[in-house]
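In this document, chain identifiers A, B, C and D correspond to the written order of the chains, with residue numbering beginning at 1 in each.
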Amino acid sequence: MNKEKIFAGIDAGHVRTKAVLVRGKEILGYGSAATGFDAVNAAQEALTRALEAAKVSRDDVAGIVSTGIFRDVVKALPIAVQRTVPEYMADAKGALFLNKNSRTVIDIGANVHKAVHYDKDGNLLDVIQNDKCADGVGIFYTTMAKALGVSEEGLSELALASTKQLSVAIHCAASAESEAIGLLCQGEEAADVADASLRFIVERVAAMASTMPLEQEVVVAGGLAKCKALMKHLPVLLKQDVTLLNLPEYVGAIGAAISYEGEK
Amino acid sequence: MAYAVKAWNDFKNYQTGCYRDYLYATEGLRVMGSTWSVLAPLKGLGDDIHLIGGEPHAASTAGTLPDESRENIIAAESAGLGFHSCSYLKLFTGEVIRDKIGITDGTIKEGYPKPDLIWTTHLCNQHSKWYQEVSRRLGGIPMFAVDMIGGGNAEKDSKIVNYVSNQIELGIDWLQRVTGREYSDELFAKAVRNEIKVLVLWGNICALNRHAPAPLDERRLIALFPPAVVDRTTDESVRLYETLFEEVKQMVATGQSVAPDQRFRIVYFGIAHTYGHPEMARILRDVGAEIVASVYTFGTCGNFKGIVNGKWSWDPIDPKWVDELDLSTRRKAIEELAKIVLGWPTWQGVRSYWALESMAQAMIDEYHADGLLLAPSRSCETDFRNGYVGLQRIFKSKIPTIEYDTDQVDVRQMDLPGAQRKTELFVHLMEARKRRSA
Amino acid sequence: MSEHEYASVNEKLDWKKARVIVAGVDVGAVNSKTVILVDGQPYAVSQVATRAPKESALKVMNAALANTGLTQDKIQYTVGTGCGRTQVTFAQKTISEIVCGATGAVHVWGPSVRTVLDAGGQSCRVIHCTDKGKATGFLWNDKCAAGIGRSMEAFADLIKKELTEIGDIALQSEQFPKLSDFCSVYAQSEALDLMRTKVSPEEVITGYHRAMARRISTLVSRAGMKKDFVIIGGLAKNPAIVDALENTLKVHRLAPKPEWDPQVIVAFGAALIANAFHKRQG
Amino acid sequence: MAKKGSDTIIERFRSVIENPQGYAKSLHEQGKLVAGYMCTHVPEEILYAAGIVPVRILSPHVSQAMTRSYIHETYCSFSHDCAYQGLSHNYDFLDLITTSSSCIHMGEAFNVWVRFAGFAGKSYLIPYPHIIETKPAASFMKESYGEFKKFLEGFVKKPITDEEIEKAIKVYNHTRRLLKRLWELLRRENPPITGPDVATATLASQFMDKLEFNKLLEKFLKGLEAAPGKGKPGVRLMVSGGACDDIEILDLLEHLDYAVNLIFIDSCTATRYFWFEIPEGRADKLTAIAEGYISRIPCPSKDNVPGTGEKKRLRYVQQFIEEFKPEGIVFLYQRFCSPQPHDIVALRPILDKLGVPSIDLELDSTVPVTQFRTQLEAFLEILKPVVPLE
């Protein structure tokens, strides 16, 4: 049995809570749960799912570190989190773990998004976070999928099939959604409306990220990184290549898990 | 041990006194208008002039009566004012619409006391439009707005000084016609000297914050400058600022500060006091991060050397210079007054991004800042929003910089959760920078 | 507001004996509704979720016709309304949902109605009308008040509650957090962040309702309130929104009619207008 | 927009406003000096007298968020769009970019060009009064124009003579008279030209070399003034508000379910641009230009009559209502604009007295056609009893 210790990382986000188990350089297992206004319960559920996936029992875990918006909330019993680490630190460490050449990670969360610039050891150089009008772009993605009657993956395929360039208001999710529905009501194709809606998300994220210099390699964290249509638009707007990560929605949780030894 | 400012109560009473005079005066003239305008011209009409100024009143009411202010803002929106109009304006006009007014000592008076005339200014897109709206709603109050034009180095540009002075001259004739009062040039000259003296004194007090530890912090600065905004033409206001100047000099001499733990010195550009929110204040206090200089408290009504061979200098002006000013004719007094107000940092920053940038760089250098905190106000149309996103882009690589997403008094538009996340980051970046340079 | 689909038929009426059969089809942002009138009386009503508007118009019409034996060709006049009205290909005429809303509301609640609040999925509109149901003016929500109805649905999903139950939950708790009533994006973001505190989900739901109701009441006051006041559209079915609106506006809406789903009043108005057009055709 | 067979002139205007950048580039390639301007208070006559063709910078109608990392998002989308023109280097060939100090939002757009889009070396901000009706404004503007003229003389390396300024004043006054004649046609019960076409021509005048424009419009007017009405007269609508160069909205007005006669537009992309003249033959040219610009229909951000606080523009709006007799008014202004809603709040009671109903449409980079169509059609259904209710 590998003598290195097993650590757990919990990323307690606004909408989804993610958990991961890491031993040395190896990811043993991961799981997630809808936060649903009960961060502690969701953290427990996510951790249980990660343990099952990794076939590891709770006692074998040497330490748990939490990150994300509700990192302090999930510190409460019964999970017994030992340490917490801010999201931007977890993002930097997690991104480096998954790609050691990365220097900038753009984390698109359900409610908030940010860009983190770091050096080769994960020390922070700069961070930019979104403003209030740009909140909820992840939730907007789910809402648009529902409005177009497709699954979350389906929204990406739909957008990729777009043939006509439409655009919606890019100020906030509420006006983007109302204009997207307006386009549908005019008889525009669902694929084109899906593409216009995704471009709203990418435009906002890219605008925020490009407020600071983006050092290569640029990677993307968060569930939306798995949406191919978004990943097609992002490099164009950033005028930078974007390298895909596997397990993008677990970057924060991974970063937390491997931060157990590091300074507080 | 944290020092408690002795002059504190005198300042509070003076400010509240001015408001109570406006509310309950039984004689004299009630004058409404932006206190960013030149106030001395009003005092040539006599010393029974009771002032209420849109901005300081809205700011202090929002602090004293938050729920009442929220109702005022919504009342203005319900009456048709733009949803994105200045929140000071909405609060101030909302009080007129609801016909009740709340002031700094917590009183809420039913029945809004109508002003006899409106004397104001116009610089941002909205300034005089506030008072056109209030004048219309109160049945057409006579109104005179002086266009303060603004821009970097304005006080050294003769065409701008003449333009503003010519308007003030016409304004004084108008004041006499509208009030039917004789105009006293002695009272006017005395008011001009007082006004300039208070503005220069405030600049000197702020300059003392260059010392370590800085004697005053943003919370005290924000509380101590409004009396100068409310009415800075009285002998009493001059005395207030002279005593405060002596007290702060004494604090510097003895190394005293209202916030002694100043491991991190912050320069603050913005109106909104989001940093003052309990959560943000706790994060900053825990690491000894204090705001030692800010363009809002220094520059709303304070004067400094200004642009000196192309670069901004926050060096103060010697108060004795004010005593030697030649105010022997009305025109001379008007021109000195126009120059001093055109010299305000805020007026210069509104219309010249290069002046604002130079102010930020100078403040960071002269006040030895460890971090730049930007708080562009969502509904403000002056230099408490203009150019800030650009400032972040320019300064982000030089010094830890964050930008709050906030508003001046409309709590609904403040991103407090976001501000908390950004404050944690701000502290982290400043600590990391200090470690790297240590 | 919810996307559940239904169709109902008034068994007492026999369309075979009818002289005039007309229909109103309202293709809304969230749901499509239709009302079929037989000699001026409501005969069939149906609602489906709006997807592509062309298909949704046909789908909702067929849902209303299902197992009545009535076929679409027997409908002598159809008026299309709603944001997708240009896609109701089988309609002889399209009329805005503003005019249809006023006509429908006055017929359901009577000639004393002067102000109709149509609080739908994507937009909120305040309509002024005469005793005959003729619209005389309206105010559309500004962009920052877009999608209030829609955001209630998204918020219910986020906190694992049913859309139909959040209204009742919001009625119970007396104290609640003050969420931003500037726009739904702010309110939603602040609501989610409250998980950081001890605030219960029920209190947050109440706060969310109070905030959104406050934003809507600002729109109503901005348009001007003339009594009597009625509320139609999806949010009319949310008791907490209605209660908060009445408290803020200090005006009681006319009581809802049990036999009328507030979401189909616009379609009903469109059907009444179809009747009028058909009569004029002579 | 149905293509008009023989009207090549209106198509020429339309092609200019659909690609103003292409038109400006063609002037540049003909060896002409071209200057971009962002506010209609810029004294174009002085630029013209210096041999520089002024071309207005308007919105590219691209929905983008990039400018949010340069200027705050609570600026109107029009200023974001104009800033985007600079940041996307659509106009790098311009010899100069200038604006007059007026609306704060356009000031930010101008700053982006200067700070971040490489125009620091070829830009000039003209100090301008922010209250246009005061007596001191005229002398201030004269001095400010004098400095602008001196700057341009250094720029083109030759003096600008009074004759050249007088010639420019006459050319521009000619444009203004022609445009007024064009708009007066819309007062007819059944005008020979549609409102959107008139608006298209007016918008084109803001980009084109005035000599070329005057020739085209003169020819266009000759044919028009004798021409019969376009067809069944529709509901007479007047538009009032902020800068709007959205042809998509004008097209929408022509493709509603009900016939519409767009008879007037009170904005700086329409009548506020030319509804005045510069006094000709004056010895002091710059004072004459100042007097002319002071006599304009005031922009909401500068409108405050000293002493009363009255809004002069509201008088003009009432006058246009009496002359052009609209049945309804559509307020069209930018989201996040503050001066416009202020004027509308004061204008509404006046409209109620005049019995003219109105609606508000909020402009953005994108045009929400569905919502605007519904609002406009509902408005028309209210104005004209379409529904035969018993």
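Everything below uses one rule, namely that a residue touches a chain if its C-beta (ideal position, glycine included) is under 8 Å from a C-beta of that chain, and two chains touch if they have at least 3 such contacts.
The structure presented is a predicted model; accordingly, all values stated were derived computationally and were not measured.
Q: Top contact pair of chains, counted by C-beta pairs?
A: More C-beta pairs are in contact between B-D than between any other chains.
Q: When the C-alpha atoms of chain B and chain D are each averaged to a single point, how far apart are the two points in Å?
A: About 36 Å separates the centre of chain B from that of chain D.
Q: Using CA atom averages as chain centres, what separation in Å is found between chain B and chain C?
A: Centre separation, chain B to chain C: 48 Å.
Q: Take the average of all CA coordinates in chain A, do the same for chain D, and state the distance between these two points in whole angstrom.
A: So the centroids are 45 Å from each other.
Q: Tell me, which residues of chain D touch at least two other chains?
A: Correct list: 68-69, 335, 364, 370-371.
Q: Mind pulling the residue numbers of chain B that touch at least two other chains?
A: Chain B, residues with two or more chain partners: 79-80, 389, 393, 413, 415.
Q: Provide the list of chain C residues touching at least two other chains, using ranges where the numbers run on.
A: Residue numbers touching two or more other chains: 83, 86, 123, 142-144, 186, 189, 193, 196.
Q: Looking only at which chains touch which, which shape fits best: line, ring, star, complete or other?
A: Contact map by chain: complete.
Q: Spell out the residues on chain D that touch chain A in their complex, using ranges where they run on.
A: On the chain D side, the touching residues are 62-69, 73, 77, 335, 364-366, 368-371.
Q: In the complex of these two chains, what residues of chain A are touching chain B?
A: Residues of chain A touching chain B: 69, 86-89, 112, 123-124, 126-133, 135, 211-213.
Q: Would you pull the chain D residues touching chain B in the complex into a rising list?
A: 68-72, 74, 101, 103-105, 107-108, 111-112, 114-116, 127, 129-131, 134-137, 139-140, 143-144, 147, 300-301, 304, 306-311, 335-342, 344-346, 348
Q: Spell out the residues on chain B that touch chain C in their complex, using ranges where they run on.
A: 74, 77-80, 83, 410-413, 415-417
Q: Please name which positions on chain B make contact with chain A in the complex.
A: Residues 389, 392-393, 396-397, 403, 405, 413, 415, 418, 421-422, 424-425, 428-429, 432.
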